[in-house]
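Working notes, structure below.
Note that the chains take the letters A, B, C and D in the order they are written out, and that residue 1 is the start of every chain.
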C-alpha cells in the first residue's frame, strides 16, 4: 500500500519513507517488534507470535494507530527461502479509516505450531484464518471454528504449500495419467501398476 | 410424542438465487432463520497457486477469471501491484484510460448486481433492462480489447492498445443515455412499496461492526463509514476527478441499494471527466519485455465494485512471484451473512445474498 | 461524501397506489419499444474489429512460405500450455518454419497473449480470428493441427 | 323420459367436453401470451422458433411434457404424489360448470342423427352447463378445494422446499378466501341472487355494469371499484400469481410445491394454475364487468349498438357476440394479471399475511357496509 506516498516527481531525490503508526508501535512496545522495515514505502513490522495479540490489540485501540480494518490476513510458505527458520509467515495488512494509514504485521510460525488467532480483535479474521489453515495448515490457537473452508473437508493436504504439485495429486482428481501414443497422455481410472 | 425441531435446509449449491455455487446451510424455525452457515469452495481453482507458478504476464489472465463480473478492476489492481514491484509508472494517457474502463466496469458490475438482486426479490423486468444497459458497456469493452468479460486489457506500464476510432464518442453517448435508464429503475423499484418492504430494515449492520467484519465497498459505506480507496488513497488519476462518495444512514438492504445506485451516477460523472481530460500520447511506457521485478513485496488495494480488492505480491527476483495473494472483497463480505440473516425469514436471505453482491469466482479464487 | 436520501411515501401516494401505477407505466412503455435481443442462429452478432475469437494461423503474401517461424514464443507465453510447435529448416530462405503446430482449444482461454508476442512481420502468424463457435462433437476435434488452423471454420446458415 | 335424458345428460356431457377442450386450448395460448407479453415488456421477443413467431410453441410444450419422464422421488408417497395433481385439477375444471359464457340460449330443432337413425327431439341449449341458484357459493366452495392438492403435493414430495411452499400456499389461500368472499358480498346484495346468470341479468336490468354503480348519481363515489380491486388482489393471491407467488417463489423455494414434479403431473399442476387464472378473470368479468354485455353497455344510446354483430344469424349471432365480449373482457383482465407479473417484486410471507388480514379484510368489511348504506339511502 505504498499509495500513501506522494507520487515521485521525475528526478527528485527519493525521500526516506516514514510511518507514524510504526513509530508509535516502536515507541510503545519496542521489545515486541522483532524487526521493522519499509518495502516500497510501506511499513512492515515483524512480531513474535507470543506478543502478537498484545500488539494487535494495541494497534486497534491506540488513538494514534486505530487500525479498525484488517484488510487482509494470509499465510505464506517460506520453506524454500529460509529452510532453517520457521516455515510459515502469517501476514496481516492493517488499515486505519480514521488516519488513512497502513501497516503490515508479520509473524513467523513453524510447521506444526499454532499462531494466535486474532478473531477476538477483528471478526473478519475468522474466515481468513480458516483459509490460511486450509491452504497452508497453519493452526490458529483460540479460533472458534477452525475447519477447512475452500477445500473439501476430507482433503488431507495443503495446496498452497510449495511442495504441493501444481497439477494436483492424481488421487485427488480420481484419474491417473499415462503416457500414450503420439506424445499425448491418456487418462485412466485406476492407478497404473508400477513396473 | 409430538415435538418441534428446527428445520435444516440446504440453500444451494444448485439453487436459483445463490449467484453461482454458494451453499448456505440454514436452520429454520418455521420460516425464521435461526442459523446460517455459508459453505464455499465449489469454484476454487487455485488462482493463488497459479500465480506462484506462472509469470507475471500470464497471471493477469487468471485475474480475469476471479471476479468475472468486473474483470478490468481485477486486472487493474494486479497490474498496479506489478508496476509497484517493478517501480514503473503507467503512461499518462493510459492512466486515464484505466480510470475510464474501471468506472465503466463498475457501472456494468453494479448493473449485474441490481439485475440479480431485483430478480431475487421477484422484479423480473429490471433484470432484463439492466442487462440491456450492461450490454452497451460490454460492447464498449469488447470494442476496446476484444473480449467482453475476460478482458486481459491492462499491461504493466500502460495499456495494451489505444482506444479505437469513435470509441470515446460511443462512451459519451452511453453516458448521456444512462441517467434516463436509471430513472426508470428508480420508478420501478426505489419508491415501490413492495421493494421498500422487502429491503428496509433487512440485514442492518452498524458501521463499527461492519468494519470489524472487514466489510468494504458499498456495503460498508451504506453503514455510514466513509472509506473509499479512490478517495482515501487515490491511485491512477482519481485524485484529479471530482466525485462524491455516497453514504447510507441505516445500513440496511435499502441503503445498500441506494448507495450503489448513486455510485453508478458518480461513476458516470468520472467517466465523463476522464474522457474530457484524457491527454494524447503513447499508451505504454518502456517496460522490459520479461518482467523480473527485484525482490520485495507489495500490497496494493483498489476500490473494486464490491469493495476493497487487494493484491499481495512477494517477488523473489525471478519472473514468477514467491507469493501471490488475492484479497477478495466478496469473501470478506459473505462472512457477515450469518450475522445479517439472523432472525430474518427465508425470503430475506436471498435478498441478503443479493445485497452483499457476491461473485463466487471472486470468493473461491 | 454525502448521505443518500431515503424517500418516504406520502399518504396520497400510499392511498392511491401511485408508485405502483407509475411502475406499471414503465413496463407498459417498454411494451412498444423495439426488442434489443438478437435471434442468434438466424441473426449473427456484428463482430467488432478487435474481437478475440479462437486463435488461428495465417500467412502473408509478402512472405514466402509459411509465416510462422517456429520461435516458440506463443507456446512459452501461453498460460494454459495449449500450443505445441515443432520447427524445421525453412524451405525458402533462412531460419526455421513450423513443421507441427498443435493448438488445443479445449484448454485455450482466448487471452490473446500468443498474438501479442508473435514476432513475425508484417502480421502475426498466430492471430485471434473472428470465429467464436467452439462446440464440437468430440474432444479430439478440439485438438487442431496446422492444416486445420489455416482453414476457416465453415459457418452453418440457420434460416429457421 | 328420452327427451329428459338427452336434455339433462347428453347435452351437458357435450357441453362439458366442449368446455374442457376449449379451456385447455385457452390455457395453452394463455401461456404463450404470457411469455410473449412479458417478453415484449422486457424488450425481447419471447418464443420465436416454433411456427410463425412461436405460435405453435404451446403444442411443442404439450408434446414435450407428455413425452417427458415422470420422476417420482424415492422417498415420496407415491399414491398421494400421483393423486394431488388430480385433486388440483378437478376443482379448477368443475368451477366452469356455472360460468355463463354468453346470455342467449338457442333452440335446436328436432333432427335425426344419420347412420344410426336416432331421432333427437327439439332442445334448448344454453352456454352454461348448470345455472345453479347458488352459483357463486358453488364457485367459492369448489375453488377452495384446490388447496388440498397443493398441500398434499408439497407433503407427499418429501422435500423441504416443497413442504415450505405448500405450507405457504395453504396459509395464503385460506387467508385470501376471506377478502375474496367479502368483495363478492356487495355484488350479491346488488343483484339479489347468487346465480351467475342472474347477476349478469341484474346488471342488464339495472342498465350498467356493477363496476359503474353510481348510487345517488354521484359519479366520484364508486364503491364497486373498491370491490373490484379487492377481488382482483385476492384472486391474484388465490391463484399464486406475482406479486403474491410465494408458494412457488423460484428464487427462494426453487419451485415451491411442485419442485419434485415432472412430466404430465407437472403439466396438470400447471394447467390447474392457469385454469384458476382464467376462472378468476371470468368471475371478474361476470360480476363486475357485465359478463356477456357489450363494452358500451350503459352508455346512453350505445347500449344495444354492439349487441349483435351477426344479426342475420338471429339468436345464434347474439350468442356469438356475447361470447366475444366476454372473451375480450377476460383477455384484458388476464393481460393485467400478466402485466403485474412483469412489473412488481414479490411480497414476503409475513407482509402478504399482514396485507390480507390488516388491510384487505377491514377494507372488505367497510366496503360491504358502505354499499349497504348507499343501497339504504337510495331505497
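Convention: a contact is a pair of C-beta atoms (placed from the backbone, for glycine too) under 8 Å apart; a residue touches a chain by one contact, two chains touch by 3 or more.
Chains and their UniProt names: A = NADH-quinone oxidoreductase subunit C; B = NADH-quinone oxidoreductase subunit D; D = NADH-quinone oxidoreductase subunit H.
On a predicted model such as this, the values are computed, not experimentally measured, just so you know.
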Most distant chain from chain A, judged by the mean position of its C-alpha atoms: D
Higher-contact pair (C-beta pairs counted), C-D versus B-C: B-C
Inter-centroid spacing, chain C versus chain A (mean Cα positions, whole Å): 37
Chain A-chain D separation of Cα centroids, rounded to whole Å: 64
Whole-Å gap separating chain C and chain D, where each centre is the average of the chain's CA atoms: 50
Centroid distance [mean C-alpha coordinates] between chain C and chain B, Å: 23
Residue list for chain D, restricted to those that touch at least two other chains: 41-44, 342-344
Sites on chain C at which at least two other chains make contact: 20, 23, 26-27, 30, 36
Interchain contacts (touch definition) - all pairs: A-B, B-C, B-D, C-D
Contact footprint of chain A on chain B as seen in their complex: 40-41, 44, 46, 48-50, 52-53, 84-85, 87, 89, 208-209, 211-216, 225-227, 232-235, 296-301, 308, 310, 312, 314, 316, 322-323, 325, 327, 331-332, 335, 364-365
Complex interface listing, chain D residues touching chain B: 38, 41-44, 160-161, 164, 168, 242-243, 245-246, 249-254, 341-351
Complex interface listing, chain C residues touching chain D: 20, 23-24, 26-28, 30-31, 33-37, 39, 160
Chain A to chain B touching residues, read off their complex: 1-4, 7, 39-40, 42, 44, 68-72, 74, 76-78, 81, 91, 93, 95, 97, 100, 102, 104, 122-124, 126-128, 131, 135, 148-152, 159-160, 164, 166
Residues of chain B defined as touching chain C within the complex: 50, 54, 57-59, 61-62, 64-65, 125, 129, 132, 135, 139, 142-147, 150, 152, 160-161, 164, 184, 187-188, 190-193, 196, 224, 226, 231, 244-250, 254-255, 258-259, 262
